[in-house]
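Each of the next two complexes has chain A plus one more chain, namely chain B in the first and chain C in the second.
On to the complex of A and B.
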């Protein structure tokens, strides 16, 4: 298959999805030019909006990086939202141990580690059921999303509820000293993006340059053939899922530490699913992860400005993102077909 | 329907599958078409059924020359082929399947026609049974009735007795005779001599793409047919087999019964010695694949025990190697290249690629693979994929299990592959393989197991076997004397 021609797919897809979104906007009497201007630049106009965009992009990057590995192993990890949620719950459990005078850094590290392990275990359930009981990872993952959400709701409204009242706004906020330090007056921390970029770099290196990565990819392409070639394919597939769950878990922990400063009912808030869209779009080419994550974060943050400045609902960005994924998949299929002649 | 074929030729690239074939098939008779695998029988039948178009030559039906470019066209003129694996919709019932295949089914009383033929032919099909739940033999019966309902005048059956029970074979023969007596033409393709002797009115033998001699009225002496099928080649058989000496036991099978969806057989009690090349001979689908899967531990016996290297075999042994016939599915990873495959075999922590690349280049030279190291294997031709897969057998493999190891390879490449395998054998590996090519089995095996009619022979010494004798055995002639 000609990779040069296939590389044009994203370009076609972006053009087509802009056109389709324009149709939706014009039929609802909105000004498409103004809407797209806000969508693409709304997130970049002020430092605080830029900061919000970065704080959305970071967990998204973590999820997408993790999913790059589970996709490479041929697993559709739809349980990523649940893995993120249990990561947040586990981190919160650690952070609640804080008493005045404890080492904050140690507690941060503890919360991130425990969050990572929790996310990995949550994904491990999926992986083991898939490999040894032949239950589809898609259904187990989705099912466990509800379980994870239930657990977090139970903690928010039950054992960890605010003294006196249980509130949708979450548990009692963390002590100020536990909040990850922010840049200036914005809500952005340096820690989250740095961890996210670090994880992406690791994932990239492992998939491209190590025997482990090669074996994960081989297992994903053909478990039977990999086993013939002596690859412990089942183990590699499970490990890939564990890594993905771990990345989601640390993302959950960082949401608690750096964004919400509490355990909130909907911690994952669709970030995991957006990560799935990114993973679908990149088609196993990890070079595209970071640009696409930034694009999705810009669009989603920018869309928040839509109702304020143009009275258009922010879900337009969802429409555009949806069209983009669809157009990308279609473009890739058409180009591949043309290639075969 | 009287079929006249004149000077028919069909080539696939450099391989001439049918060369200058001229033959007539008279109406109201059953015509046997005999030949080894690769003799060109299936190609000729597929041309008649419109699946291939001939390069040269004419086909005339009742004196009128017809062009059979497509299966639909062949069906229109009344030619129907009963495939080796009928393509049906498993969740439909028999009747639904038949109706689905007939355009304007509403205008033909399908149910009545079905009942009519079902009783005339003596089949015991339940029209409401789901296709997914009936046996291969019954599906074949459905196919025959479907062709009768659509009005076919020529019935082509390609190896129809493979994988069906003896009772179903009897029923099939009675049905085919009924069909022929009704004035229709039946072409019966097989490599089983006995079937031709029992069933057919005429016999035509193909060898290497040409018709040997002319069509003959049955009965024809068995020796004469064997001579036509195999020529004088048994005189040329090389003396390469029998040079490895058994060196302990690799497998010990005790009262093993095996089965899958197609076939069930046993009991098998046998031992396979280490350091030898063991050939499995038999018609395709007689259980060789199943046997190999059991030896690899990929499938567990229904009953009985298999002991591998002194331990009971209960799970796949990936330190053995098993190469399946479906090469893209289980043997290699289609979208990965040779360097990556080598890398997977020779495990280092970092996939630096340099040593793997050198090794891949070495393999390409050694096994004469027409590819670059960076070419995804899915882009290679079938023969090159086969070579690549053989090249990737790890040096450490103690046991090498092969299906059709040289299928699709020319004689030179096949010989090169066998040299490699014999080297492995000399270093103590055990090779078990099956091949539809009897010459290959005789030439390279030290010992042979014959599969016939749901059972397996004793381990036969290859030196004491000629190709003709083996051909007789796989057709069941004299099998009783070598059976367990």
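On to the complex of A and C.
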């Protein structure tokens, strides 16, 4: 496909989705200009809003970066929410070992490592069932999402419940010293975005500049052909899933450490699925991951101002994001058809 | 090549559909089963105050001297849920209308299902940015978030409804707690149930198990037992009081028990009065249907003044929250600089429980309560007003241990931190 022509797809998609959302907004007598202003810039107006946006973008970036690898390997990892959740549960298990005086940094590292491994293992189940039992990774992944949610609900309401009172708001908050340090008066931690960017850079490098990445991409194009040509395609596919699960797992651990400071029942809360939308939108092209992630985070984070300043329900943000993905896929299909003449 | 591309595209569209569907399911899964009127106007459900319309009222006043007082609220449910959140919203709107130069700002549906990835602290930041000098949060789930927000905005006064941070000493100086003594409302509910039940089989549909829900279920039982034995003169052993916990404040398919099914099962098992302890109106809706189908069954809904409307023919009455007196005082105190940190547990105004200006707890009698029973119920309310305290020993806990020895009266903390159901009640005291 012609790259220059393809590059037009996002432009068309954005125009179309803005138009469609405008239609939705005007039918409800809302002012579209004001609404879009808030949506696109609301999250950037104060340091604290910017910080909240970054804290949403970071786990999203981790998921989207991970998904770039699993997509490259031709795997649709819809189990990413579950992988994030078990990462958080596992991290919490480590953090609960804390007693006054322990090395906090060691616990942070431990929690992140264990969270990563747990997420990778959860994805490993999917990958192995796919490769050796021919069960679709889509359905195993979705099924395991429910299992992971069940586990986290069970922990929050069972063994790890607050003294006397089980609460939907999660377990008793971690000791203050265990919270990741924040920047100034905001809720943004330093570590989270750094890790997210680091993982993105690693993924980029591995996918684009190593033999391993080439083999993963080859497996994604055709596993059978790659295998026959001597590429360990099955192993690469499984490894790609493990990496994606690991990225989701560390995202889950970071949500516990830096955002919720507790295990909450719905830890993943749609971030994994949003990562999937991002990946679909950009055809899992690693170059566009970061800007798209920021766009989605800005839209989601800014949406909370809609009901307050404009009397518009904040779900408009989700409507726009949905239109964007759909328009993108349609635009790409139309351009591809035109290309083929 | 073409074939392959089409396939790739098809798969991608399929994935997209599945992903969107999953998002949709995960978003809707945890939503309260919305009352019919809620779904018709989703966009209007977060109507912000019409500030510009009210602003020009006093165009000549000096801005500094007569500054507008802005108060904000973070609500867990939709403002028209016909229950807990609507009671808060209606009260705030009432107080706004009756307090000159005040403005009410709010964000509703702050819960992980409706607004994933939005934290209480974030919402509070927005309210404060709108100028709020007082912020009220209305869910037990906001306990940690409210505390953090209060630390971050020491110049703003915070009230966490239903919380106990002041009691536990965790609250910063600008954070207070308020709650209404719904225990009385539940006692009256229990009494109404016991008066009207044919043979004393009462079912209580509860949310999740915690101190608050235990003490409310226990209160309903104490009220039922009192009216069953003292007013009807029946045998205490013949009273059956069964508690079923569905697992959360509203139905979450696949996670909680389905309240609709729980209610209908109770009817099938011969219970003829359901007392609801959950935030949504299944009990009264189902009782209304069963009544229309010729069954002699009744329900006592919860939380909201007009809850009976969903099943008038089966409604014995509803205990409800009226936050107007609390909010009126709160705003006056904060405005005047006289607010002091406190843990407030407001009683009903016994001279008139249904006075919107004075009574935090009300009880609206339902159409299904017979006139004779209504009179008896008024008698019971008068006794409560006269000082009857049902939290008086001997009372045993469900496992047989003594909760209150003979003649001992429970203090507030003993009631607030209710450890179990009471002896004589059926149902779980703690989640397994």
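We take it that the second predicted complex is superposed on the first by the 340 of 341 C-alpha atoms of A that agree within 3 Å, B and C clash if a C-alpha of one lies under 4 Å from a C-alpha of the other, contacts with A are read in each partner's own complex, and residues count from 1 in each chain.
Everything that follows uses one rule, which is that a contact is a pair of C-beta atoms (placed from the backbone, for glycine too) under 8 Å apart; a residue touches a chain by one contact, two chains touch by 3 or more.
This structure is a prediction, so every number in the text was calculated from the model and none was measured.
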item: First, second, both or neither for A:143, with chain B first and chain C second; value: neither
item: Touched partner set for A:214, first chain B, second chain C, both or neither; value: first
item: First, second, both or neither for A:271, with chain B first and chain C second; value: second
item: Partner chain in contact with A:225 - chain B first, chain C second, else both or neither; value: first
item: More chain A residues in contact [chain B versus chain C]; value: C
item: Contacts of A:32 with chain B and chain C, given as first, second, both or neither; value: neither
item: Chain B versus chain C as contact partner of A:173, first or second or both or neither; value: second
item: Chain B/chain C common contact set on chain A; value: none
item: Touch list for chain A against partner chain B, complex; value: 208-211, 213-215, 217-218, 221-222, 224-231
item: For the chain A and chain C complex, residues of the former touching the latter; value: 28, 30, 46, 48-49, 52, 56, 76, 78, 81, 138, 142, 145-146, 153, 157-158, 161, 164-170, 173, 185, 187, 259, 261-262, 264-266, 269-271, 273-274, 276-277, 280, 300-301, 304-305, 307-315, 322, 325-326, 329, 332-333, 336, 340
item: Contact footprint of chain A on chain C as seen in their complex; value: 2, 5, 9, 11-13, 15-16, 18-20, 22-23, 26-27, 30, 42-43, 45-48, 105, 107-108, 112-113, 115-119, 121-123, 125-127, 129-130, 140-145, 152, 208-211, 248, 254-255, 417, 419, 431-432
item: In the complex with chain A, residue positions of chain B that touch it; value: 316, 318-319, 321-323, 329-336, 340-341, 343-345, 347-352, 392, 394
